[in-house]
């Protein structure tokens, strides 16, 4: 098993290591039916997948980009994007740590990331790989013992086409929205997880352990299926921030929880936010949705969003199974010229379904932070419950904090409660901390962390510590 | 320890109109006065609250110019203010807060930070003295505390930070007799012949438990009379009226 | 005070410094109005006025009301929409407030087939404050109401309070949209928004959208919204004290309405509206 895996890794490196291979493995910029066919052909995909991609493409042509979100950006020229190139070779990356943006390294140092991991995160082409191979191998063995499938999306298409055909697009159909349609047509790779019946996944799954996963490109797709009575906790975004210069990220994540299954999905997103003047940065336009299909199933989203120039994402839960539970815990921070329009949708269909939404928005600099949410109780959702709390913390006179919830109830036994508040750090709170000897900067980060506590406590332990540090780093310079 | 000379301060209008006060090491001074006399303003000005403007005068703490320092520097120099209205900080737990404060002050004094084990041992011994149980450590700073709990928390912080000069701003207000005794016990445990106290209060009651060396009476932003602890009893009996007409 | 009224609406001007304590009762019945109404209320500096406006007509109505509330003036405006169940009511209200002025706006919707109400308030000078209260009850199939409220905070120290509640029965539908907009460089603003709905039937639908848009930092805003049903616990408690179920429900519904109505601080207006609600809210 171990040998097999090392071979795979070596082969991959070899395959993508050819300089010429990179040139020949990319498709010229632009999007057409031919490009979609070409992507599918190069990936050697089964017929059903090509047919699905083409339908998605045809549908995308009929759509225009959404304009309802509270974000502003120049029009994207979709004909200028390269839709397929083989996963970026390590040769494309910086040759050594000296080639890496010192600011980025400084951030890593502040986050306390070990040196060899810093190189890996920055995409340095060093042989650090071997360090992680051993880790990855023991990891793979443990998972396969449990019967868990955790692989790249492409591998899943090859090895488990029946699961892909059964579940792909059933939570986020290609018709869902502009970016989901685009992703469905051109997605290059992503992650796939299947937890069999009755299995509690023996460890937190993280893309960190999957070689190459960090470079799956702009249009990735994740599909997680938790079969009856199973449990999985999935961590996205590695255990540390990644820097990526790609302009547009249009990913799709689909979660499916069958009877009594539980999926916990945590994200720490720290894509490049652009500079202090608002130049550059990632457009993070992501569609994430989970379906609680089975009775007593549970899906929980936790997100810490501190990066990207623009964030447009609404991790949602469709509560179909009776007694199913949906949760959304979010911290979104916007500093400088960052814009975030994020929130969730909880669609209650089954009886006795419950959902909880806790959203914490922090606006600093000229950041614009919007919570947008929908809680819908359908006529079938007898005795369903929702509780929503969304709070905004304002750290500058030039920032913006906006709250746009929608509550739609069509069942007389359902109950929905929504509370929101907007406030700034009180002068009296600051003075109190200072009188106890704590500096203004430390006091602010302490108060901000306190503000986010309800969300941090939902994160796995190591993640929570990191998230706190990340907030401190992201807020640097925003305290007067 | 503390030397205040001709201190004037205002917040949109003059409140302190020439305060002179010297506190020697180990002394306990009480400032009494009617509502609106400027007692709390004095406490806040000494601690460095930014809304107040010092328009004249000077203050030295252990020979250093207090007024030019930031609030956190004053804290590092050993000045502690027990707030009249302790502030709630949601989500920040007491232990974390106190550890940050203790280590921040230690850092400013060039001392190495206390590690988690030493800190926990220290705080556990102190919370017993002040009558809290251990669950207190995991509650958020002052959030949802009763009036008495807040004041006891102030005294606990004082015990942890071991200041040179502690100012108690109406720490007795809103306390029942048990809480009052608990607070006084905490304060008295810190009286060691070197540490000084400035006790600001409206009522004489607290001074039965924390016996002052000197009592000052403050009216309209000035100290109009000073005396021994008997003065407090006299005030209790006669009120402030007999002094006010006669500054 | 100057008051003129035609079938096309009324115009009311309150002289500077004058206070009119007695509510001015204006009724738009079947005979009294056209389909389109234009009303104007101007409260000059330091004046105070109380208006009780009532709509009982059975034709479709469209009315546009403009209120100007000058420095230190106060307008108490109470509106009762009790039109025939076949008629629709569509109202647009624009309120402009100057320094330290106060507007208390109360909207009671009892009748009508389709009720649409849009209120737009500009708090354009320091210290201006408005209170927008509302209570709606929908009991017929296909009866609907739509309340869209917007408050623009354009000046420091301005305050707003939106508080709307509704009871929905049968196949009715209510939509509430409240927006608080705090403009850049506007500080020390306080805004509160609340919308609560009681569903008595599973065919009814309540949509609530309380929105905050804030471009300043020294503000205190909060909002809350709920959709729920009668408190079973409370119902049981009342019944265990010997009150029959129907009366107990009636009792709780009245209390639900009372929560908003009790904010009306003009005694006569309170009494009048209280009676109107109690006669109308039936389980």
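Labels A, B and C are assigned to the chains in the order they are written; within every chain, residues are numbered from 1.
To be clear about the criterion, a contact is a pair of C-beta atoms (placed from the backbone, for glycine too) under 8 Å apart; a residue touches a chain by one contact, two chains touch by 3 or more.
On a predicted model such as this, the values are computed, not experimentally measured, just so you know.
Undergrad: Kindly indicate the chain pair that has more C-beta pairs in contact than all others.
TA: Top-ranked chain pair by contact count is A-C.
Undergrad: Using mean Cα positions, find the chain sitting nearest the overall protein centre.
TA: That would be chain A.
Undergrad: Looking at C-alpha means, what's the farthest chain from subunit A?
TA: Between subunit A and every other chain, the largest centroid distance is to B.
Undergrad: For subunit A and subunit C, what's the span in angstrom between their mean Cα positions?
TA: 43
Undergrad: Where the CA atoms of subunit B average out and where those of subunit C average out, how many Å apart are those spots?
TA: Chain centroid spacing, subunit B to subunit C, equals 50 Å.
Undergrad: Please name which positions on subunit C make contact with subunit A in the complex.
TA: 184-185, 187, 197, 199-229
Undergrad: For subunit B, which residues count as touching subunit A in their complex?
TA: Checking each residue of subunit B against subunit A gives 47-51, 70-72, 74-76, 80-81, 83, 85-92, 96-97, 100-102, 104-105, 108, 140, 157, 161.
Undergrad: In the complex of these two chains, what residues of subunit A are touching subunit B?
TA: Counting only subunit A, the residues touching subunit B are 426-429, 431-440, 442, 446-447, 449-454.
Undergrad: Which residues of subunit A touch subunit C in their complex?
TA: Going through subunit A, the ones touching subunit C are 377, 379, 392, 394-424.
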